[in-house]
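Below, chain A partners chain B and then partners chain C, in two separate complexes.
What follows is the complex of A and B.
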C-alpha cells in the first residue's frame, strides 16, 4: 500500500523509464514510442500498445500474459492512442524483486499495483499524451471482513480475498480486480478503503492501516516523484 | 522495431578516422574500460553492474530438484539471458537475435563450462536430491560491451549468493530456512572475467584492438575477440566473431592485456563484495553464524 521509492528516467536508452517500489515489489519499466509497428499489429486509427511483463526469476508464464492483458485494457483508456495512428507504444516492465513474505496462496494480483504505477510513471517520463493519471493499490480481507494491510501479510492463513483497485485523478474507478471469496459488503468496504489510500480523505475517521507513515495519499506521493523529476529537468531555467 | 538504427556513413567515417589518429570518440585510451559500477540488492545473489551506459542485473535463485540421471553427483546450473525491449527497442520478445544467442553461448562457455561453479557441491543426496541453481540475467540498458558487463554481473551475483543450509541424516534431508540457519555461500573454484576486443583496421594494414567498445564503435568494427581469463592469467576461452582476419601476434598481445585487465576487475569486484559484507555484518555476528571452517 505504500510507495517506498519512485523515480523517473532511470534508464538511458529507452524513451521513458521509471522505477517504482510498491508493497515490497520493485519494478523497473521502460516505454518506447511512438515507434514503427509490425504490419500485423498495425491499427489504422490508433496506436497499438504492446506490453511485456518479465518476472524476476524464470521466463514468462500464463500469469504474466494475464497481467499483460489487464494492463493493456487499462492503459488503452489512459493513453491518447488516437494521437499516433499506425504506430506502436511499447511498454516493458521488469520485476526486479518480490517481497520475502508473499501472501499464501500466492496471489498473481499482488504485483499488479506496482506494475500499474511503474507504467504510468514511465509513460509520463516518455511524454506520451495521456487523458488522465491514476493510482493503484492492493487490499486484502479476511473471511470475517477485516481488512489487512498488505505490508503485514504474515498472517496470510486467514486471508480470504485479495483486491486491486485503480482510480483516475478525477476519482473514477478505473480497474477493479478481485480474487478469493467475499461478498458485496466486504467489497464495498475494501473499495472505500482503497479509494482513501489512493485519493486521500480529509476526514479524521481513517483507520490506522490506511494511514501512511507520512500521512499523505498515493496520488500526492506520485505527484512528488514527478515534480522532482520536472524540477531536475528544468533546473537550467530556474537557476 | 525489428532492427537497430544504423549509424550514418559520416559518423562511421568520423569514428574510424579518429581511431586512425589515435583518439576514441569518448576520449578514452584504447585499452581503457568505461567506469564500472557494481551494487548489490537487499537479498543475496542480486548484482547490478553498470559499465558506462550499459546496465545489467543478475539474479541467482535456487530450488531442490532431482539431478540428471547421467550426472548423479552434480547439481544443476542454468544461465538464462533474454534480451527485452527495455534495453533497446530493437530487441524483440520471443524472437532471439543472433546477438542474444551469442551472448548466452559465451556466458555458458565462460562461466559454466570453465567450471567456475563447483556443481558437485550442489549435490545433496547422490541421484535423488540436488540444488538447481538458476541465474537470470536482465539487460536493462544497452550501450555495447554486453558480454563483459553480463560476466561481471553474473560472477558478482554468484559470489554474493548464499544457498540455504542443508542437513542430511541418512535419507532424510532438511533444508533450513534462511531465518533458522545462516545460509552458506557457493563454492566457486575460480573467477573468470570476459574482456572483449573490437578489431579495427588501422592505417597501412596495421591493426587496432579496442577494449570495451560502446554501441557506436561496435557498429563500425570489423570483428571482435572475446577472451575469458581468470586472475591467475589462465585463459578459459577465446571466441572470435566477424570476418576480418586477426594476426596471431595481436591475439597474444590481447591475451596478455586481458590478463592485466582481469586482475583489476577481480580486485574491483572483491572490494565491492567486501564492502557489502561489512554493511550486512551488523554487530559482528557473521563470524559466529557461519558454518564453514577456516582453511
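What follows is the complex of A and C.
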C-alpha cells in the first residue's frame, strides 16, 4: 500500500486531470465535463458518465470493459449526477505502467485501486460536484489466512484470494470486490485491515497491521495531494 | 399508496403507475399501507425469495455438454464444445510440469496452472439475440456483454473448477511396438515416457434466449450444469498419422471431474427515493435490523428506507443501484467464498454481508438440489 506520487491537473487541455501511482500501477486520467451527450446516451434527470480505460499494453479487452462498468457504478454514486441533467461527464484513464513483480495468479483487480484513486483526483481537479470522496486499496491473503501487503508481493507468492475495498470519507463501504478462495473470517480480517489502510482508524481487532513507514492513511495522503494543488494555485494570493 | 389511488380522482392501472414512477411503484409494494399484508414485490415474491431454477441438461445433440437453465423469465442455453489444441501449435514453447497421465491429487493441485496459462477455457456470452429490449439483436457485443463474459471467465479460472489433468492428451508409447512407424520411434531411443501431445480446449458458449434480470446467476448456473454434463471422447496420439484421434465409443469417453459446486447469488439494495435530494444526502446508516430473524428492511436516518431484494428481475435491477453478487461453495460443509462483488452504493457493511452470505448458503442448497435432480 503506497501512493508514491499523486498530482492533480497534470494535463493542460482537459477540464481536469490527475496522475497517481498506487501499488506500482501508474495511471493518468482526464475528466471532461459536463459536455454535450449523444442522444442515445442522454439521461433526462442526470448526467451520463462515460469511462474509458486503456491498458498499458495493447487495446482494451473485456477485462477493461468490466473495470469500466465497476468504475461507472461506483462514480455514479459519488458524482452529483442530478446537478447536470442531459450532459456527459467523460473520464479517460490510461494505465502508464504496471509493476515488474507480479504474484501468481495475476488478478485483474490489482489495477482497480489506482484507477479509482486517479478518477477521484481527476474529478476533484475538474471541480465536478461530488457527494463524498473515497479511498481504495487492495489486499491479498494466502491460503493460511495471512494477509500480505500488496507492495511486498513477490512473483513467488501464491495467493489464495485478492480483495479490493473502497471506503467513503464517512467510512461506509463503497466497493468490495474479492476473488479467489476464502471464508468470511478472512474477509472480515481483510475488511478491517483495508479500512485501517484507507481511513487510518485504529481498530484493535487487527493484530498484523499493514502500514508503511509514514503511517499515514490513504485519506490523509489524498488530502495532502489536493492541498498541495490548492496551495500552488493560491500562491499569488498568499504571498 | 395502492389504496389511495381509489380515493383520488386521478386513477390509473398499475402498469401505468409502474411505467411512470417505477421507484414509487416498487416502494408501494414493499411498504403496503395495511399492516396485515407483508411486503411483496411486483413479481409476487417476498423480498428475500429467489426464483426457482429450472434445469435441463444434454439438450444439444452436437455439443459435448449442454444445459438449458430457466430462472423465472430468464432463459439461458449453454453449450460446451471440446476442441483439440496440439502441443506443437502452442506458439511459445510451453513446459508442462505434469509428468504422467496418472497424477496424485497433490500433483494435480500443483500442476493446475496449465489450464490458466494456456487459456484452455474459452467462455463467451451472447446477449444480442433479442433477449431484452436494451440489447439490440445482431449488434456487436456491448459493454454489458463483455463485462459479463469477463466475470464468467475470471470465475471459471479462479474457482479451479476443472482440472488440467482432464484436458491433457498423452501419447501412448506402449502400443507403438507393433506398428510400422517403429524406425522413427527408435531414434528417440530411451525416451519412452508418455508425453503430452495435445490439450482439450473447452469452448463454453452461453446464449441468452430471454433476459429478465439475474444474468450472471443464470449464466453461471447454466455453465456449471453444462460442465457437469460434459463428456470428452477418449483421445490419443497416433504416432503414424501424427495426429490426435478420438474414439467414437461411448465407454471410452470421460466425464469431466468438476471440483466442488460453486453457486452464485445476486442481491440488490433498493433505496426508496424521497425526491432527488434524498439520494445525494449523506447516508448515515442506522439500520441494524438485519438479525437472524430475517428482517429484510434497512432503515435510514434521513427518512429514506432500503430493502434487500434477492434475485432481482429486470424491472428491479433498474432501480437497485447497489448490487451484490456472492459465489460460494458449501459442498465441503464449510462455506468457501469464491467471489464477492459489491458496488454502486454504501448500504452494505460487514453485518449485512454476513446476512447475505446466509441467504446465499440457502440458495446454494436450492441450486444443488436442482442440479442433482437434473442429472438423473
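Convention: the second predicted complex is superposed on the first by the 228 of 239 C-alpha atoms of A that agree within 3 Å, B and C clash if a C-alpha of one lies under 4 Å from a C-alpha of the other, contacts with A are read in each partner's own complex, and residues count from 1 in each chain.
Here is the rule we go by: a residue touches a chain if its C-beta (ideal position, glycine included) is under 8 Å from a C-beta of that chain, and two chains touch if they have at least 3 such contacts.
Just so it is clear, the model here is predicted, and its values are computed rather than measured.
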Next on the checklist: In the superposed model built on chain A, check whether chain B and chain C fit or clash.
Outcome noted: fit
Checklist entry - Of the partners chain B and chain C, which touch A:188 in the superposed model: first, second, both, neither? => result second
Checklist entry - Quick one: angle from chain B through chain A to chain C, Cα centres, nearest 10°? => result 100
Checklist entry - A:97 contacts which: chain B (first), chain C (second), both, neither? => result first
Next on the checklist: Quick check on the superposed pair: does A:45 touch chain B, chain C, both, or neither? Answer first, second, both or neither.
Outcome noted: second
Checklist entry - Counting only touches as set out at the top, which of chain B and chain C does A:12 meet: first, second, both, neither? => result first
Checklist entry - chain B or chain C: which reaches more residues on chain A? => result C
Next on the checklist: Tell me the contact category for A:28 with respect to chain B and chain C: first, second, both or neither.
Outcome noted: first
Checklist entry - Is A:230 touching the first partner chain B, the second partner chain C, both, or neither of them? => result neither
Checklist entry - Once you lay one complex on the other using chain A, what is the shortest C-alpha distance from chain B to chain C, in Å? => result 6
Item to check | Set intersection of chain A contacts, chain C complex versus chain B complex | outcome: none
Checklist outcome for this item: chain B residues touching chain A in their complex are 1-2, 41-43, 46, 53, 55, 57, 59, 61, 80, 82, 84-89, 93, 134, 136, 138, 140-143
Checklist outcome for this item: chain A contacts chain B in the complex at 11-14, 17, 28-30, 32, 35-36, 38, 52, 54, 56-59, 88, 90, 92, 94, 96-97, 100
Item to check | chain C - residues contacting chain A, complex | outcome: 113, 116, 143-144, 146-147, 149-151, 153-155, 157-160, 276, 279-280, 282-285, 321-323, 334-350, 353-354, 357
Checklist entry - Along chain A, where are the residues that touch chain C in the complex? => result 45, 62-63, 65-66, 68-70, 73-74, 76-77, 80, 82, 104-105, 108, 131-132, 168, 170, 172-184, 187-188, 191
